[in-house]
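Chains: A, B and C, in written order; residue numbering restarts at 1 for each.
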């Protein structure tokens, strides 16, 4: 494939298979991902801008943005704090069952979202283990926006833990020892030495958890109650439109979500670039 | 086998790695490509091997234009700077690799492979390591296994990229003398790349001094030290001359004979 | 999502790149006064962290099994062997059996092109490969409706030829392929990049052909990373809900996967049966985590010289 080998920047290659593998990669990527995704754009183009704007700013849809983005931000924030704490405990402390906890942190990756959804609902419903404790206090979780938050915290947790953990593991002990020799107290070291080193990872973890939460569907719909204007998330709005055979309406909202995904993807990519750069410069280990 | 490169040019983007380099490597010699880092010596070695293609110019192996010959068919032995041992294979399997991947009709029988590998292991004096994995070896051991692996396919030339670069000083010295002895035994045309003056002078029959993609001088170690062709050569050969004259000079040796730097006339040494 | 599912790969990538196993996992932070907190601080932090873990991860997991067995083992097994549940199982297995191998071939091929060659637009290509991770599952389902649905681009053509894609099995398979698209590629790319070209070049100089190099040198070096990707890809393929829900016609016994079957049972207030089927999926998740942990352990073990020493 002369057209593909054209792309190669180092002209001579000893290893074979570049044209074949890149060709297959591009064809498969186009067929499975790019072509279908472009359908969203083309379908939306059948609308005038006024029509598009009317659909994506309808009050019920706007209410869903507020819930989706608000709950996702809050959930990502909660995950950043507790995820960092969990990562810290896993790396720094030795306790019985540590390996088990470490393995189970990935549960939200492995557990189908529908299963998580019904399990959380069962826990927080009025007669559930946790609902029973909370309702007498006047806190209703299931079938309210609070339920959405709980589901989003569940699915976002591993993103923060798994981004922070490796950075924490590779952090040089010598830095802390040097700081101690220079007279710093433990709290100062955490604030001045450890936290700055973790900041890129914490932000990346936050962004990843947020991005996942915004698009999440399965775990949320069971516990949300799905009341219009109150506890409807944006992905559910797409489903609702589809069930009414309003394909253009569904597509318009999907385009908004795709745009948000793209922006988040770019943010995450640059955060990860920053994270990699700063961890390699503080890591001091040359490859 | 003799090697000749003619008018080789190679650029990476705007960086000119090799600028019209022409060289001849006579059959059976051990030649050092010597120069500071970035001078193009490794690129030249990789072009001779066929791992890199020159922008222009020709490589002749035994008088034949090798441009159309794939690395696979060039029959060169290449020892990589970081050895590139297959980490998932034992030492034995690493050395046997080149024999096992031969087309079926040319592949030796299992017993012959076994015999050949042990012969090579004996040659590099590491027979007892056959069942180890690369990760379990010291740097010097890995280096010798990498060499044995390259020799297994009976190469016509042996190319070594900074063969001792990753080793500590003591092992370096032992290993380069060992390489010299091995070369005296096998007489395969060999080229090695180094940035260490001492190393090049000590073991090579001939030294090629390179700088900024060009050849500054070609000559015997004695010629390079005693009649440097350019100021760069004179300077580079004496690069780290701190300490008393006699100590500096004593470092510049060829196979045990002390060489005399031109602007550092040496007083006779007393033991 | 990008970057997290490949934590093992990037981790091992560090090992490979530095050539020395990071000793961090064997450090005793509490030994040195410089890296030690007062006991009360330590216990407070640990209690908060583990409390959060229990509340958000452990309790939902227990809830699944408790609810599943609430009405006893009889009801539990009846829900699992019911014909609709069995057909949902078959469809879930079928979707995974098609999606995982396809994405495996894609992952290996993309990783070979990206990790072993330098070309323009490489970084952009990696971003595009990541794309399905950041697309909402609902949108992932929707795009196939737009392409293959009755009013979609190819909808009328398929309609004329009496081929159903949407609200049928092919749609479910396509949506599954989409959501699991990046898993294996994301795992292999950093791993193969970190390993560089040296070993492949060495093999080539020794006379190995492209296939020989790939099978004998590249593949054995990345096999644990590959397996890791396959495990995660499979878990997601079997558990996907949102995307599949959009393209499935929710026809019992025909276009229902296990997660969709859970939803139907739950919405019919058949909680015991819903949780019974859900417990099967939770079990799958636990097996996935166990396998994943084992593979991580093997992967680090293969790379660290000390463990090799112990092995021999």
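Definition applied: contacts are C-beta pairs under 8 Å (C-beta built on N, C-alpha and C of every residue); 3 or more make two chains touch, one makes a residue touch a chain.
Note that the structure is predicted; figures quoted are calculated from it, not measured.
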Note to self: Taking the mean of each chain's Cα atoms, which chain ends up nearest the overall Cα mean?
What the structure shows: C
Notebook entry, point to check: Quick check: more C-beta contact pairs in B-C or A-B?
Noted result: B-C
Notebook entry, point to check: Which chain's centre, taken as the mean of its Cα atoms, is farthest from the centre of chain A?
Noted result: B
Next item on the list: Let me have the rounded angstrom distance from the C-alpha centre of chain A over to the C-alpha centre of chain C, please.
Entry: 15
Next item on the list: Could you please state the distance in Å, as a whole number, between where the Cα atoms of chain B are centred and where those of chain C are centred?
Entry: 46
Next item on the list: Report the inter-chain centroid distance for chain A and chain B in whole angstrom, where each centroid is the mean of the CA atoms.
Entry: 51
Note to self: Show the residues in chain C shared as contacts by 2 or more other chains, in ascending order.
What the structure shows: 201, 204
Note to self: By the touch rule stated above, which residues of chain B touch at least two different other chains?
What the structure shows: 51, 71
Next item on the list: Find every residue in chain A that makes contact with two or more other chains and list them.
Entry: 10, 14
Check: Which part of chain A faces chain B closely enough to touch in the complex?
Finding: 10-12, 14
Checklist line | Residues on chain C engaged by chain A in the complex (per definition of touch) | finding: 1-5, 7, 10-11, 14, 17-18, 22, 24-25, 27, 29-30, 32-38, 42, 45-46, 48-50, 52-53, 55-61, 63-64, 67, 105-106, 109-110, 112-114, 116-121, 125, 127-132, 134-139, 142-147, 149, 151-153, 174, 177-178, 181, 197, 200-201, 204, 210, 213-214, 232, 235-236, 238-242, 245-246, 258-260, 262-263, 266, 271, 274-275, 278, 281-282, 284-286, 288-290, 292-293
Checklist line | Of chain A, residues touching chain C in the complex | finding: 7-10, 13-18, 20-22, 24-25, 28-29, 32-37, 39-40, 43, 82, 85-86, 88-89, 91-95, 99, 101-116, 118-120, 122-123, 128-130, 150, 153-154, 157-159, 162-163, 165-166, 169-171, 173, 176-177, 179-181, 186, 189, 204-205, 208, 211-212, 214-218, 222, 235-236, 238-239, 242, 247, 250-251, 254, 257-258, 261-262, 264-265, 268-269, 272, 285-287
Margin query: Which stretch or stretches of chain B touch chain C in the complex?
Written below: 49, 51, 71-73, 76-78, 80, 82, 84-89, 97-98, 101-102, 131-133, 135-136, 149-150, 152-153
Next item on the list: Can you check the complex and tell me which residues of chain B touch chain A?
Entry: 12, 50-53, 55, 70-71
